[in-house]
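Naming follows writing order (A, B and C), and every chain is counted from residue 1.
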Amino acid sequence: MFGLNAKDTRLLWIVIGLTMLAPFLLNPFPEGSELAQFNAGYPDLMQRFVIFGIFAIGFNILFGLTGYLSFGHAAFLGVGSYAAIWMMKLLTMNVIPAIIMSIVFAGLFSLIVGWISLRRSGIYFSILTLAFAQMSYALAYSVLTPITGGETGLQAKISDPRILDSNAGEFGRANLFGLHMNSSYELTIGRWEFTVNTGYYLAACVMLISFYMAIRIFRSPFGMMLRAIKSNQQRMNYTGLSTRPYTLAAFVISGMYAGLAGGLMVAMDTQVGPERMFWTASGEVVLMTILGGAGTLIGPVLGAGMIKYMENIISKINDSILHQWFSFLPDGLEDVIVAVVHPFIGKGWSLTLGLTFMAVVIFLPGGLVEGGQRLGRLFGRKSAESDKKTPPAE
Amino acid sequence: MDAIILQILNGLDKGSAYALIALGLTLIFGTLGVVNFAHGALFMLGAFCAVTLSRIISLSYIVLDDTKKDFLGNPTKIEVPYIYDWLGADTGAAIIDWSVPLSILFAIPVMILIGVIMERGLIKHFYKRPHADQILVTFGLAIVLQEVIKYYFGANPIPTPAPEAFSGSFDFGVLVGFDPNSIIYPYWRLVYFAFSMVLIAGVFAFLQFTTFGMVVRAGMADRETVGLLGINIDKRFTVMFGIAAAVAGLAGVMYTPINPPNYHMGMDFLVLSFVVVVVGGMGSLPGAVAAGFLLGVLESLASMGWVIDLIPGINQVIIYLVAIVILLTRPRGLLGRKGVMEE
Amino acid sequence: MGILEVKGVNKRFGGLQALGDVNLSIKENTVHAIIGPNGAGKSTLLNCLVGKLIPDSGSVMFDGKSVLGRKPHEINQMGISRVFQTPEIFADLTVLENVMIPCFAKRDGAFRLHAFESVGQEGGILEQAEAILSDVNMLEKRNMHAGSLSRGDKRRLEMAMCLVQEPKLLLLDEPTAGMARADTNNTIDLLKEIKATRNITMAIIEHDMHVVFSLAERITVLAQGTPLVEETPENIKGHPKVREAYLGEAQV
């Protein structure tokens, strides 16, 4: 279906199902119960799941397929965000122009950066992209303040001269033809509460389209060329293929994905700041992609979800919650265990992240997806036939 | 003119830090072929060696001074470092005052140990893996190291002053015949510059004049041949990793009075140091040092008022701009060797 | 007039004259071997033909057009394919994908953004790829990772990747270097079969005289960057200049 083979169609349906039912699936614990803090079904977090999912899917098209490790993708996310906020300030609070312009501007910017950076490969390419991203950040922070709002960033304001929204009744609320992004419907079933949020569903639909396009790219001759470039550039050249346009196209496509993610962020919270372009933000998308499984279709989405979930949930756990959990243990032991776990929770979530990431790179270079495959093989489910057919980049 | 000299001087201490970190980075790259993203973290760990030592020697107990009362009428509490009791108040105070330079002695063994553990425990297993994997695993390690430091020392910068004798400034302008007060330069920055020159000279002398260094240099040029000669190059490379870690650590120790250390200072310096290494030429030691000073001074010059007026924001981006231009015109960097990181 | 005309090509590396006034003409539909002792400049010459190196002076004409200043992929698109000393294949891709890539290159040129087509449903490409795989007896290995093939199979795969482009000139850089005798003979048979079934010109750089004399119709002997003689295999054996060149090497 949709021009996909049976296996990819199944994967797409699974992802569609999961994202559409996310508000319910992510809130499995009844309100007020001890485990309710593990619920992730609130709009803000779910929006971040899918938006960073888009960012990582795009990054994976570059890194997963061609092997070019960019350390500057946050710059495109930032450019997309600024483009989107200006659309909202000048044109309309409708999110459609904002999102379109975020893709266009990020695409143009990545074309320039890619055209220069792709003259080099390996570590040199990484440093070049890093240099461009840091330059963008520094400029957004200082000289470009009239355009970027400097340190404080930009917000959509009531006083903005929106050409299309002449009646100012709807100021400051991002909408899709009148449908407010931050409007939610609360659904209560027994002790369970679910929030169905407009913004999330818009972002989720965009993510599904992005995901579908990524599958098509992975399965296309173009995707095969990109994998071939990762495998052997010399043979590419001596097969009559010019590698630069291919890598540049992959770079621009992934830059547009990043811009789209940035535009969606603005569509959700109508504000932007330069820290979005800082190189740690570029590092984050690298972590997501590797953690989930670079070069696999579903990996980056999983990685993005996992990191954003950890960031939100683990950082909320504190000592008193730990004491509750381990209260069944004898007092002394309980204190010891709490003390041991303490550095990894709350503010220490980055430590947990760093350790998880190292463990993945060391033991599971294929990321969570490879972990899942290994587990699957361990339990002997349909291993033999599916393994043979799985091409290297799923 | 005097403004330019002042900016050059100001650039030298930052340039020294870049040069020292870049030196270690390129040493590790040249010997082990590993791209170490955790090298900035070693710089940061060095700085926190200084913090740790100053805390240890300032460990105090509290005595009540009955002669002075606070406003509630209670005797004032006075903290007396244990070291006063052991070595006398004068010596003790001097040692506490000189804690940063003393930390050098403390940091050398600690940093070498950390370096060797890192190499044997982690990096060793990544020699045969792609550069991307090396970048990623050391990037993860850098996050872990800085989070550990944040956990124990908190997120705020920790002021670590230079010894009293060096805490002031001196009038450099008068020395070279300018008007008084035209070029005021803090003593410690001069100390830092001198210290880094000594350290750099030490590393080069070590590589140049010892048999150990000779083998390492040969290994950098052609690892396989040296291996064929029956020399255990791996063990020497481990030691080199320790030395590179110590160099970065010492750079961090001495930098603490210039910039109070915080947990993310390593990452801040790492990004720039990588740019420095690439500009200097991957695998070239003189290149790393030259590019370090060059970029430090350029950055400083670019932040002069009239330069910023001319090209707004140039001070923020000059290093990256130079890197981009160099990489595109001289792919191997200023002094790079052929065939390093090229496929 | 040959399909490949090399005239007065010089190439220096620093103080070393790698090629000195090389003239070479390769006639269409012949197998032309270029032999010579180590350091004679065979590889340098080859690299000048495919665009990896640019000669300091001289001209290289292929099919009436100059190849100088063109990039390797442009030269390949003109009709020159190259087989490497160690097989250069896409080790991370399957055998089938390895041969599909040159099929796309032949159909679409150096670049095409076919991001929304599907590999499996491309008109003709799959059939073309499978046909060439069955020609080299590798059809049953189509879904294997190319990196896990035996060395002989890698060589055959590389040959298939070159042949599927239907090049006018196939350059072979020591195709049997490091092979066992049996594999060498297999390769000779494969090349003979290619010669018999396709209109193709081949230029072979080779050390192994057994291979050279089994295949070549013309032989050029290169020594110290300059061609000594060009002759038929019969006349090369026992040629005084050739002996001198090789004996000179033996004494070193």
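Keep in mind that, in the parts below, contacts are C-beta pairs under 8 Å (C-beta built on N, C-alpha and C of every residue); 3 or more make two chains touch, one makes a residue touch a chain.
All figures in this text were calculated on a predicted structure; none of them were measured in a lab.
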Moving step by step between touching chains, how few steps can get you from chain B to chain C? 2
Of all chains shown, the one whose Cα mean is least distant from the combined Cα mean is A
Averaged over CA atoms, how far is the centre of chain B from the centre of chain C? Could you give it in whole Å? 52
For chain A and chain C, let me know how many angstrom lie between their CA-based centres, rounded off. 46
Chain A-chain B separation of Cα centroids, rounded to whole Å: 34
Residues within chain C bordering two or more other chains: none
Residues within chain B bordering two or more other chains: none
Inside the complex, what are the residues of chain A that reach chain B? 67, 69, 116, 119-124, 126-128, 130-132, 134-135, 138-139, 141-144, 233, 279-280, 283, 286, 290, 343, 347-348, 350-351, 353-355, 357-358, 361-362, 365
How about chain C: which of its residues touch chain A in the complex? 50, 71-74, 76-77, 81-82, 88-94, 97, 100-102, 104-106, 108-120, 122, 125, 143, 145, 161, 165
Which part of chain A faces chain C closely enough to touch in the complex? 3, 5, 216-217, 219-225, 227-228, 230-232, 234-242, 245-246, 249, 253, 388-389, 391-392
In the complex, the residues of chain B that touch chain A are 35, 122, 125, 129, 131-133, 135-137, 139-144, 147-148, 150-151, 267, 271, 274-275, 278, 282, 312-313, 316-317, 320-321, 323-324, 327-328, 331, 341-343
